[in-house]
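Before we start, here is the structure in question, set down as structure tokens.
As written, the chain order gives the labels A, B, C and D, with residue 1 at the start of each chain.
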Amino acid sequence: MTDTLLSAQNLAVFRGEHCLFSDLNFSIAAGEVLQLHGDNGSGKTSLIRALCTLLPIEQGEISWRGAALPAAREQYFSEMTYSGHSEAIKGDLSARENLSFTASLRGTAEASIEQALSRVGLQDRADLPCRFLSAGQRRRVTLARLQISVAVLWILDEPLTSLDVHGRALVEQMIASHASGGGAVIFTTHQPLSLDGCDVRSLELTC
Amino acid sequence: MFRWFHKLASLKNFYRLAEILLPWLAAICAILLVVGLYRGLFVAPTDYEQGESYRIIYVHVPAAWMSMFVYVVMAFCSAIFLVWKMKLADIVAEVSAPIGAAFTFLALSTGSLWGKPMWGTWWEWDARLTSELILLFLYIGYMALRSAFDNRRTAAKAAAVLALVGVVNIPIIHFSVEWWNTLHQPASITKFDKPSIHISMLIPLLMMAVGFKLFYIVNMLSRARSVILEREANTAWVTERVKENRL
Amino acid sequence: MLASFIALLKRDLTLAARRRGDWLNPLAFFVMVVTLFPLGVGPDGDLLREIAPGVIWVAALLATLLALDGLFRADYDDGSLEQLILSPQPWSVLVLAKVLAHWLITGLPLLCLSPLLAVVMQLPAKALPALLASLMLGTLTLSLIGAIGAALTVGLRRGGVLLALLVLPLFIPVLIFGSSSVIAASQGFAIEAQLSLLGALFMFALVLAPMAIAAALRISSE
Amino acid sequence: MKEFFAMGGYAFYVWTSFGLTFMVMAIIALGTRLQRRRVVAAVTRRAQTESKPDAREPFRE
């Protein structure tokens, strides 16, 4: 059985005094894709942020390759990448500069930046400061960032926002190839996603 | 010992324990304050140097000690809260802040009232008074930060970090103000030293000091119980107590 | 680890280079505040010379305070603060890079401008080395301590005034030793004592502040 | 008795200090009592409405 990467045991997260979800158990192994379902306010984003140790958890425990977080934080962060609602892109820097900064921070190969940019179709706007790019193009910069990352686990919060049809196809194709290449993906989305070729487990969030 | 530490941490036990202790502590506090006051005002002899105005030490000195003591308690509770996530410690720190600020204000006002006959001015940049003033700013900063957040949980952690940063800085501030004072003031009589304490003057002072401490503990415990009641309103033990109406 | 330290430092400096306002405003503020005093107090040279160290130091302190508000706010607003928290490198090292970048953007220019203001305030020339040395150590410590306040209030919409309320009491020791070193120098006394105390404060802040800043940022980005 | 109150000429300072101290302490004690009364009332009111689900008034944070 492939080794489980991230596992959560009877997880409970509160927003203020209001319980978002409780007794949540799941785990994800290499090559798997997990889609989180739940209507607005059901705590999908809170769960995602809790998995990234950005949000404290009330009860339960999250562990990475068997080691409990947040103790094994250093190891976990070097093998995961998180892409949230806000794109974490500096408007004054160009796409290429943003990517090279992430590359030097997360120690990925510099050479692959050009390929990533061309793959997401930004090669001719790579030197324009990102504040001049449209929302869809900025979302593509985050996709390029995923391309150059060496992370095993991708945690994506609404990766399809402000993407056009081609963008959506690109995301589906990237997730599929990452999973088949031995990676794991956890993501939340409202629009249906057709991911042929890999087993997509889904998880319903109720309190 | 550690099991006791966690048992106490459960808010229910703390609530019951405080309920038992409060009447006794309040009684002792009242007695101490009354007797201390009586001995301080009537029995203690007049000071040959400052005459009767030295009697203000019976409120000024205990208040000054309390202002420092309460901040240290807040910092200690903040450390426990950040390390062991003990809700009780956060509640104690939260309710102690206004009381500590009140004592600091008292220390300042009685200090300037005591200083007026000696120096002729309401405010004298004396090292101790200046440190008290800065301590008051630290209290105000703590309370302002705590009320600035809408999410209570973040407010508690942020305030705890500030309390720890503050308590580390207090000795530094005090040393630098002392140093600054001796630098600019020609070494005149050290204005604020208590007159050579005669034993009959010392006893009332100690009584008042313990009385003030008990006053703080009584009010802190009672306020903590109210906050616990408010926050645990929908827990089983609170609703059960409501039914037996022995809140 | 060093690579990411330099990368973050370089990124912040390029960002500052592209957004002039962020670091020019505190400088303009610094010059303006100092020039207000002769207007308020009168042009009489002796009086100005008397209050020059205190005025320059308080103005430098307020200018640093003004610049602190934006230290983490830009990263917090566009989400890159979370990405920094989720980086494998120890978080307090990256925080140190941010504070150093902030000092290079605001503290250093203050330092370079202060001789100009010393002349405006009739400060004797022999006090200039003391002014530069004390401001050098002082603004570094102020940036470190102030960053704790900035981290605590980054999540608040109107955190500016609260930031001042939190950190000004903590700035007092730096102000006391800093301005007294300049006063001592202008009267011809030795300033080793003050400078060594300033150095001690800086070391103290350098060791402890990053931990507090890291914890505060983690709390604010919850 | 009269000269006792004169406090050797420092009457104003001594009595204002003591008066101010005990006034502030009274304000603290009063604050504690009022807070307790407010919370007890809120909790009991909430518990009663709890037993009658339809008349449930949202608990103000």
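The definition used in the following text is that a contact is a pair of C-beta atoms (placed from the backbone, for glycine too) under 8 Å apart; a residue touches a chain by one contact, two chains touch by 3 or more.
Just so you know, these numbers come straight off a predicted model, no measurement behind them.
A centroid comparison over C-alpha atoms places A as the chain most distant from chain D. In terms of C-beta pairs in contact, the better-connected of the chain pairs A-C and A-B is A-C. The geometric centre of chain A is 37 Å away from that of chain C, both derived from CA atoms.
Spacing of chain A relative to chain B, judged by their CA centroids, is 49 angstrom.
In terms of their C-alpha centroids, the spacing between chain B and chain D amounts to 17 Å. Measuring from the averaged C-alpha position of chain C to that of chain D gives a distance of 43 Å. Counting partners per residue, chain B has 151, 153 as the residues that reach two or more other chains. Of all residues in chain A, those touching 2 or more other chains are 16, 56, listed in ascending order. Each of residues 222 in chain C touches at least two other chains. According to the touch criterion at the top of this document, the contacting chain pairs are A-B, A-C, B-C, B-D. Remark: chain A residues 16, 56 touch chain B in the complex. On the chain B side of its complex with chain A, the touching residues are 151-153.
Taken in their complex, chain A has these residues touching chain C: 52, 54-56, 74-75, 77-78, 80-82, 84-93, 97, 101-102, 104-107, 129. Listing the residues of chain B that touch chain D in their complex gives 37, 41-42, 46, 51-53, 55-56, 59-60, 63, 98-99, 102, 105-106, 109-110, 113-114, 116-117, 215, 219, 222-223, 225-227, 229-230, 233-234, 238-239, 242-243, 245, 247. Partner chain B is touched in their complex by these residues of chain C: 148, 152-153, 155-156, 159, 162, 165-166, 168-170, 172-173, 176-177, 180, 197, 201, 204, 208, 212, 215-216, 219-220, 222.
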